[in-house]
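Presented sequentially are two complexes of chain A, the first with chain B as partner and the second with chain C.
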Partner chain A sequence: MMQATKTKTNGVIEGYVAREPKITIDGDTAMIEAQNVYYRNVNDAVRQVIADGAKTVKLLDINGQRYIGTGLRAKGVKIEVNGTAGNDMAMFMDGPAVEVFGNAQDGVGNTMNAGTVIVHGDAGDVLGYGMRGGKVFIKGDVGYRVGIHMKAYENHVPIMVCGGKSRDFFGEYMAGGMLVLLGMNSQFEGPLVGGYLGAGMHGGEIFLRGEVEPWQVGKECGIFVADEEDLARLRPVLEEYCAAFDMPIDEVLSVPLTKLVPISHRPYGKLYVYV
Partner chain B sequence: MTYDPLLERMPTSRLPSFSDREGVFGGERPAYAEESPFKIHGGCGLMGICDESGKLMSGETAIRAMAVQRDRGNGLGGGYAGYGIYPEFPDHFCFHMMYHDLAAKEAAEAVFDQYFVIDLAEPMPTRPVKGISDAPLLWRYFLAPDPHKLEMAEMTAEDYVVHTVMLINSKVDGAYVASSGKNMGAFKGVGFPEEIGHYYILEEYQGHTWVGHNRFPTNTPGWWGGAHPFTLLDWSIVHNGEISSYGINSRYLEAFGYKCTLGTDTEVAAYLFDLMLRRHKLPMELACKALASPLWSEIDRMPEDQQALMRSLRAVYGPGMLNGPFAIVLGFNGGMLALNDRIKLRPLVAARQGSVLMVASEESAMREVLKSPDKVWTPKAGEPVIARVEGMDWPIHGDLHLSASEVSCAVTGVENSCETVEVV
Partner chain C sequence: MPASLIQPEFKVKIDYDKCHKCGRCVQQCGWGVYSFNERPIPDDTKCRACHRCVTYCPAHCITIQKNDLAFRDNPHWTPALRKSVWRQAESGGVMLTGMGNDRPYLNVFDHLVLDACQVTNPSIDPLREPMELRTYLGRKPDSVEVETDGNGGFHLKEGTGVSNNIQLETPIIFSPMSYGSVSLNVHKSLAMAAERCGILMNTGEGGLHADLFPYQDHVIVQVASGRFGVTPEYLNRGAAMEIKIGQGAKPGIGGHLPGEKINREVSETRMIPTGTDAISPAPHHDIYSIEDLRQLIYSLKEATGYKPVGVKIAAVHNVAAIASGIVRAGADYVYLDGFRGGTGAAPQIIRDHIGIPIEIAIAVVDQRLRDEGIRNQASIIAAGSIRSSADMAKAIALGADVVAVGSAALMALGCHLCQGCHTGSCSWGLTTQKAELTRRVDPEWGAERLTNLVHAWSHELQEILGALGVNAVESLRGSRERLRAIGLDEQTCKILGVKPAGL
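Now for the complex of A and B:
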């Protein structure tokens, strides 16, 4: 299928082509065929159909196109991505619900403000970088520096749940929000999470389904066992996560959860102070 | 006896003096007119693909993998290397040359005439492509070292070629060796990678291994010779990142006779692999541990015998360690190797489909080329992904004959480590 539609212009082998994608409107659902279409044309089409009143946008044959849903401010809009979502999907996004049927590349949910991202696959590095609100649910594994510098303000509390395992620097410099790692749907060998877990963390909370060795954890974190109160807060989040991926919540909660929180609010508060 | 620069012994036991290094700091460096004086900040993209069964694939595969990663570059550099592409001349060293002008061509050809038997010299086949302009003169030569001169030089043919490459790159103004290996070649220039691939008519070449690169020049300008891959003999390196240890790496390499003249950090990676794999005969996995060393804190947690090996490796190859963010793919006759820096500061994704192993900066490149990969995964930082072509000597000309434990024994000087050390 890929081969048949491969574009050769005057013998020049091209990748994405800056042409308008085929759009089919059916009521308030818009279908956009994105195969080999340049990311700008795809994203322009998404914005256009939403401006024209579409509530569900289905993107077909996405393969690495960047910035899907980036900077999009809309309520009650659903974007369905079929294929491999490109870098910086849902960056600065404010409101929409994005669901990816495939894997997502790096930088998903970068500085995201509100809305939800659901990925039925794995996600890459720097997932949820500086995320300020909304929810990100990943079914499988995630890469390095996930949740780096997530932050919360009043009732803007970002929540991220990853179903697989994570590499190093999970929750690095975390300043607020909730990060959950389940270690369930994984193709990674080895431990649940790498090193430098929560390094430089000074706000928010990390929950891990299983245990970690002290060497894995940043000096700024305290390691605790999640208590009843924690579980009461977690349960609705995990219920929503399990509903998204059709997973049994009992299995998720069958293993004790480890909780990491910063032991200092301002670990470097006195670094440059003459005392 | 007349002065013969090729036969001049390179310093091996002393650190080079400042005058030896003038070439690096600008003194004798050839003035390439192709260089642009400005720099732009950004990132890069790369790919590597190897069919371990040895089945050949067209260069179009590499072009397509790079084309979907177009936005990782900015049109100031694209390039490829293909292996198994010259079956008519499998035992000749093939020099792909870039010349600023005819004078540079004459000067470089004088070097070839003096030291080699030239069996074929021809202009590189190209075609006009929109977006590609100001190309240098591009020629290729199928060469064999002059047997008499080679004997006089008391070197292996590979070392003889390395000296020739260093000689041309550092002394012949306006001439640059794009590649110098057997049955392989590098095709690179200023442009987007799909334009460069098309310019060199890459779809007409068939290779079992390809690497590709999309450049977004950061610390050095975009120019034809500065596009990736960087090569030496069979080795080709494509690199995304920044080797911040360039200074110490290049000084270390100079002590072994390598001259870093191209004004780009990636060059040191190609020479370090040549030094470690071909000359020091380190096993590939161990060379990767020297280049992307485990952190001291990680070494502290290893079993005792591995600790001894890793400590020795870091001590011996400390100045060869690559610091800073990088994802690199090394191509060679017999396979491919992909490696990340130890804390994963640049993207690298891998996929396998049957006998084909592929790596790239983005998963989309593999989805574009492999119709239904059996497995897609992200390699761990500092742990190489290695493909080897069945039935081929590797990594180069069948040079490698030490086992990992024999090397660890040699490096650590601990005899019992011969029995127990396994490098994973």
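Now for the complex of A and C:
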């Protein structure tokens, strides 16, 4: 057992007492106590313990600190977040596995490259914006602008599954990958999803457990019922999702799934005339 | 009915008496103007007046002329407007074009003149005396602390000076042009020249090709709404990062690289499949406020160990307030792009009618930041048609720290401003991905020409500073007293903070 505490100032808001978190190392597990610690010090500590060889990082008492796992490049590292993760968690992340026992705020998996994020709760707006790879699994509801401009490239195929309901702009501008909405673990009264669903979509696929009204769907999408082939692709993803949250897959698949795919990879190809 | 009512804009004339019938013009023209049947036969309708064939014709027997068909006079309905109506009646499309705004709006730079010393204070000869052009890009501290060195002198106290700034040997950088909109050889030329001149090039929003890794300390990596090629590795390679909010040629609208330009290498660098359109949404969907912008700035800093982050915006009506918000959001520089800035492709109607001149934008932003006491917190980069060292000196006197050049850099590489960049067939091999065209630019040749241009402008800037009687570009920055206006109205002079000549 080793304990480390040090103090330094790093330009936080005036009057704020900069604190270093208490770090406890046990083998290749590091525990970081984040109560009242500024996000920069929390994230410095995370990077430091990983650089020192930690394979599991447990963050305690997280209360809205931003940028957890942001820009982290590490394979085989697990970060466990206890509390409410702040904005832009796992942004630009490349490799680690982050699991949140609580809710997450906006921007989870923003421009993420690789790795996995599991949130045992709800999450906010703009999840997976421009996400290029890895998986984001949210147990509950999500907000607005989820999965905008997700894109795939060769063996980078981003996957996001949300267990609850979503608001407007789900999958807007989508360019690649897979986006799934189940509508199961929800606290919302309203419909499964809001409007502008898949608006401007030009790649990838969206699956919805249940039906949507045509007015909700962007004009660039074709609406289908998921067939056997689709389900064969979906099943391993849903199995992994269900394992993470201990949900029965049969119940997930008990309702027909709606599939949205773009009509064209070049939705605006005919819009222009050259001068 | 004729297929089109629109007559060719140019006439390609060949003096067949001199022509060698060598066929070089056929091969040089990117737009396929020529066919060959014992002698070259031009199709005038396709010519864009890029002068590639003219330059390479060994017999100097090609002339490109304006097809000056007389129209009934009507200054309200210019021939160009009539043609636009016909073109849209034929196609129903949004007119797409390339390069910068070509409308004859008032050019403020051309109505400003610089001062010089006479009699009462001596001018300086930059050839024989030191003349400092070195410029630091980034946030400057609110105050510095000095301590005595014990010998009657003073020096800066450890750790209190300028930190995290990028040192530029001259206040010129290359403006963002993405790999995809321009060719890889153009990117290489810019990167090599940036290294040689001690300045920066900018990736634009298309990612960083591996061939540019050796020059990464002279590269700004851009993060635009499409997030193409943006990975932690990309961010960490750059000397600085830049959030692209807007572009002077197309403020408020997104980018759209057509599928034809997405070949295998471009697709690798952008990390998207070949042949699909690369669509950059109009806004960043994670930025709907200054608070959101701050969040992105700090996420980029968190991901890179706190490297400088700049924010590029188009100069629009409310630019001063927006710039103030950007500085307060934590940006290390604000990049202002005026309405004459170039583009690889933009709807003509947007390019020609949206935004304000860079001259005005610099003046109001500099003044606003000074009034608010935050001018030191960020550098100002000015762009949007800086055409010469005179424009550069005037931009600096109005309040810019650094100017960025895009169109002028392309011209150094052969561009003739034919406005055909969006077609992907640039005869000069610049704004194209066709291998037979891109190989026309040898990066070594390109780097030398760009280096020459930067050096020439730098020498001229030194001459201007010498005439002004100052020995550092720092002393000209925001020094509007050294500018006078000729033929500008009172209100414009007031906004610029410049007196009319004679006062």
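Going forward, the second predicted complex is superposed on the first by the 256 of 275 C-alpha atoms of A that agree within 3 Å, B and C clash if a C-alpha of one lies under 4 Å from a C-alpha of the other, contacts with A are read in each partner's own complex, and residues count from 1 in each chain.
Rule of thumb we're sticking to: a contact is a pair of C-beta atoms (placed from the backbone, for glycine too) under 8 Å apart; a residue touches a chain by one contact, two chains touch by 3 or more.
Please read all numbers here as calculations on a predicted model, not as lab measurements.
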Partner chain in contact with A:Q105 - chain B first, chain C second, else both or neither: first
Using the touch definition from the top, say if A:N87 reaches chain B (first), chain C (second), both or neither. both
In the overlay, answer first, second, both or neither for which of chain B and chain C A:G200 touches. second
Looking at A:E172 after the superposition, I want to know if it touches chain B, chain C, both of them or none. Which is it: first, second, both, neither? second
Applying the document's definition of touch, where does A:R66 land relative to chain B and chain C: first, second, both, or neither? both
With both structures fitted on chain A, tell me whether chain B or chain C touches more of chain A's residues. C
Does the superposition put A:N185 against chain B (first), chain C (second), both, or neither? neither
Let me test your reading of the model: by the given contact rule, A:Y129 touches which partner, first (chain B), second (chain C), both or neither? second
List the residues of chain A that touch chain B in one complex and chain C in the other. 66, 87, 106, 169
Per the touch rule above, chain A residues touching chain B in the complex are 2, 11-16, 39, 63-64, 66, 83-84, 86-87, 103, 105-106, 122, 124-125, 141, 143-144, 167-169, 187, 195, 215
Within the complex, chain A is touched by chain C residues 87-88, 90-97, 225-227, 230-233, 235-236, 256, 258-259, 267, 271-273, 275-277, 279, 281, 285-286, 295-296, 298-299, 302-304, 347-348, 419, 422-423
In the complex, go through chain B and note every residue touching chain A. 60, 63-64, 66-71, 129-130, 194-195, 197-198, 203, 297-298, 301, 343-344, 347, 349, 362-365, 367-368, 371, 375-378, 380-381
Per the touch rule above, chain A residues touching chain C in the complex are 40, 43, 66-67, 70-73, 87-88, 91-94, 106-107, 110-111, 113, 126, 129-130, 132, 145, 148-149, 151-153, 156, 169, 172-173, 175-176, 200, 202-203, 265-275
